[in-house]
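Pasting the structures here.
Next come two complexes built around chain A: one with chain B, the other with chain C.
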Partner chain A sequence: MAMAALRREGRRFAPLISPRPITAVRSSPIVPTHEYEGPIGVRHISTQVVRNRMKSVKNIQKITKAMKMVAASKLRAVQTKAENSRGLWQPFTALLGDLPSVDVKKNVVVTISSDKGLCGGINSTSVKISKGIYKLNSGPEKETKYVILGEKAKAQLIRDSKKDIELIITELQKNPLSYTQVSVLADEILKNVEYDALRIVFNKFHSVVSFVPTVSTVLSPEIVERESESGGKLGELDSYEVEGGETKGEILQNLAEFQFSCVMFNAVLENACSEQGARMSAMDSSSRNAGDMLDRLTLTYNRTRQASITTELIEIISGASALEG
Partner chain B sequence: MFLFLQSPLTRSHRTVRRGIVRRYEVDMVIVPATTGQMGVLPGHVATIAEFKPGVLSVHEGSETTKYFVSSGFVFIHANSFADIITVKAVPLDRINANLVQKRLVDFTQKLS
Partner chain C sequence: MTLNLCVLTPNRIFWDSKVKEIILSTNSGQIGILPNHAPIATAVDIGILRICLNDQWLTMALIGGFARIGNNEITILVNDAEKGSDIDPQEAQQALEIAEANLRKAEGKRQTIEANLALRRARTRVEAINVIS
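After this line comes the complex of A and B, so read on.
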């Protein structure tokens, strides 16, 4: 090629040139330009570094785009389930109400989070709210314990609240979520933890871009009795005749347990939806950032390439003119 | 399943499994409560009752739809609304009697 021939000519004349030609490239902050001396004093500016960087950024962009699609398809699958499960706890709330302001001695905070990362800030918000509830309910004779579902909350809460954690459950989403699985879980929690009020912290799925951290409160039957006697929302509970079973207390106990498992089921599904939605938007912004970075790197690459060509030409031409002159 | 019973009776069914929410007006519902079959009509006193697994039948005029329900609860509210919540509710015509018998034998063997 003509360039190669000229390059060879340049090499022959290079030793005659005393002053160094001016480098036309200003080293950019992103990429340090590399100048090295060839065998007979010829200078080439390498574009290798920029090219490597561009390749890796492009790969990252592809990966994040793929992750976004996967999250979108998983979201579609879980979303119908979550919306159907919303109907489950509504009658319970209609009957018993949801009283987050209830004042009890033994609180248990059930924090629901994801196992995998790269899903935006939803796990941090859940943990923040759990810690807030803990602080709100601290006082003399009161105790608050944590039950943790999911690796991410475990990692965050184990650091400073290790002594308050009762139960840790991970790998929830290994098999597709089902009521049987959640009811077994609820059973474990109810068996092992003493509680007056259970507060379930999760991210409620409103839409693909909005996930609202929510707290659902489930009261133990004793507290339900106490609250219904003192009037208020639960005061109407007395007007209901309780049919069947031996005592009213037994039925209320079953009711509370059933309510807990229904609320848990809904909470776990909503959190799964929120996780996928948050991952979608996180991966989307990450691919957009990668695209921007790629544009900037392409400009730098072109500038570097053109500068090295210019430098070579200058060397050749000044060499040639030195001969003539 | 939730049955929302409204005067006459409106029911909404909600199952844990399939999450069908059906809301409709019915004349009467017979629920398999733990104390026996309980008939619910409009104007029933407010009640909370627990089910045992059994057959739930919904009467709308002259039509009767029967469902097999696993255990759950029914809340009957004072305004003639009823909520029925069960873990599973299957319309009876979807149940194959032979398959059920076979499965029953299998599981009894496994248990013993």
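After this line comes the complex of A and C, so read on.
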């Protein structure tokens, strides 16, 4: 009676396994085909394969969890710096205004991106916006050039806009970011690139889950003069008596350079914060996905294990009953 | 009537408070700012900033930047700043001597300019301590 029951059990399991099991369908894209046809025309995925798969997924989960914690600690370090540097460019905006809509002939787009990947979509959004600005500002007399900071934007922009790239700077974050480093960089850019307006594209760090792509505009002194005559925000500039140098033009030139380096410093810091924040959330969702995958694989593993036990039992029992006759 | 003074460096907000009067050194000399000064925008040289608050004068060493003064609000943006009380006299004196030695040794235009700059910085820091006392 027990034997009959077991045989019935065996038969109950067999139809479950024979039409392509659901687990096999889901796993077949990822599992290399080590399926073999058993004696009853049943397909099994060997438990060894599933176990290997589980081990690698568990490793991935551990790695992504560690990366998330590393990103969190790096974020804490850079965040204080970024917040302190925010106060620096606000007086410039108060004095000179941030006018993205100024119409100029020579635009230079400074795209700030990260060197390392696995940080979510922030680099793609920066590149998309840079390309958008390029399109907006292309016309008969106008020209737009790129200055690229960071490997990721370089990889994306070098493909279609190679001829428009003036300067590429990478490996910014090898040493901790400091104002002197950024001001040297700003100096390089100002020396080598002719510009009427510089548009800096970066991801502003609002909070750990929100990074907003922003554009800051720095105008060259000649344009500032032109605009201040036409009134508006810059018109107030004229009301300030300018001292401390030979000519007003020289002061304005110095001011524009200083403004550029301050805005760059802030932009680079904010982008670094956004990069770490985006990496945190990307790694978090990938460890969660790895956990889900692990759950599914565990189910598959248990099912295959039980199926193989059942098959063994069937074989033993049918062998035994054949012997008995 | 008091002035709202804000001194900012790239790394942090250095000073933010109300003061009665300040003396700032610019490229074309020292200027004193009292309340209700006319609006000016000026470049700040490597030099000392003196602030008068509650009838007490405080000194700070500033390393170059800009200042904007408009309806009783002063905003000074500098590359670096140090409070006089934070500077160690021995160390500042040593730095001054090293800078002077470097200037004498300097060869070539670039080194001379750098040495000059370092000397001015060191001198400003020493002055900042001396003026308090």
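Everything below uses one rule, namely that the second predicted complex is superposed on the first by the 279 of 325 C-alpha atoms of A that agree within 3 Å, B and C clash if a C-alpha of one lies under 4 Å from a C-alpha of the other, contacts with A are read in each partner's own complex, and residues count from 1 in each chain.
Convention: contacts are C-beta pairs under 8 Å (C-beta built on N, C-alpha and C of every residue); 3 or more make two chains touch, one makes a residue touch a chain.
Because the structure is a prediction, the values reported are computed rather than measured.
Taken together in the superposed arrangement on chain A, chain B and chain C clash.
In the superposition on chain A, contact of A:L255 is made with both chain B and chain C.
Of the two partner chains, chain B and chain C are each touched by A:Y179.
When the two structures are aligned on the shared chain, A:Y301 is found in touch with neither chain B nor chain C. Of the two partner chains placed by superposition, chain B and chain C are both touched by A:K81. In the superposition on the C-alpha atoms of chain A, the part of chain A touched by chain B in one complex and by chain C in the other spans residues 81, 84-85, 87-88, 91-92, 94-95, 179, 183, 239-245, 251, 254-255, 258, 262, 265. The touching residues of chain A, counted against chain B in their complex, run 81, 83-85, 87-88, 90-92, 94-95, 179, 183, 239-245, 251, 254-255, 258, 262, 265.
Touching chain A in their complex are the following residues of chain B: 2, 12, 14, 16-21, 33-35, 38, 45-50, 72-73, 75, 77-78, 83, 85, 87. Looking at the complex, you find that chain C touches chain A at residues 6, 8-13, 26-28, 31, 38-45, 65-66, 68, 70, 75, 77, 79. For chain A in complex with chain C, the touching residues are 81, 84-85, 87-88, 91-92, 94-95, 179, 183, 237, 239-245, 251, 254-255, 258, 262, 265.
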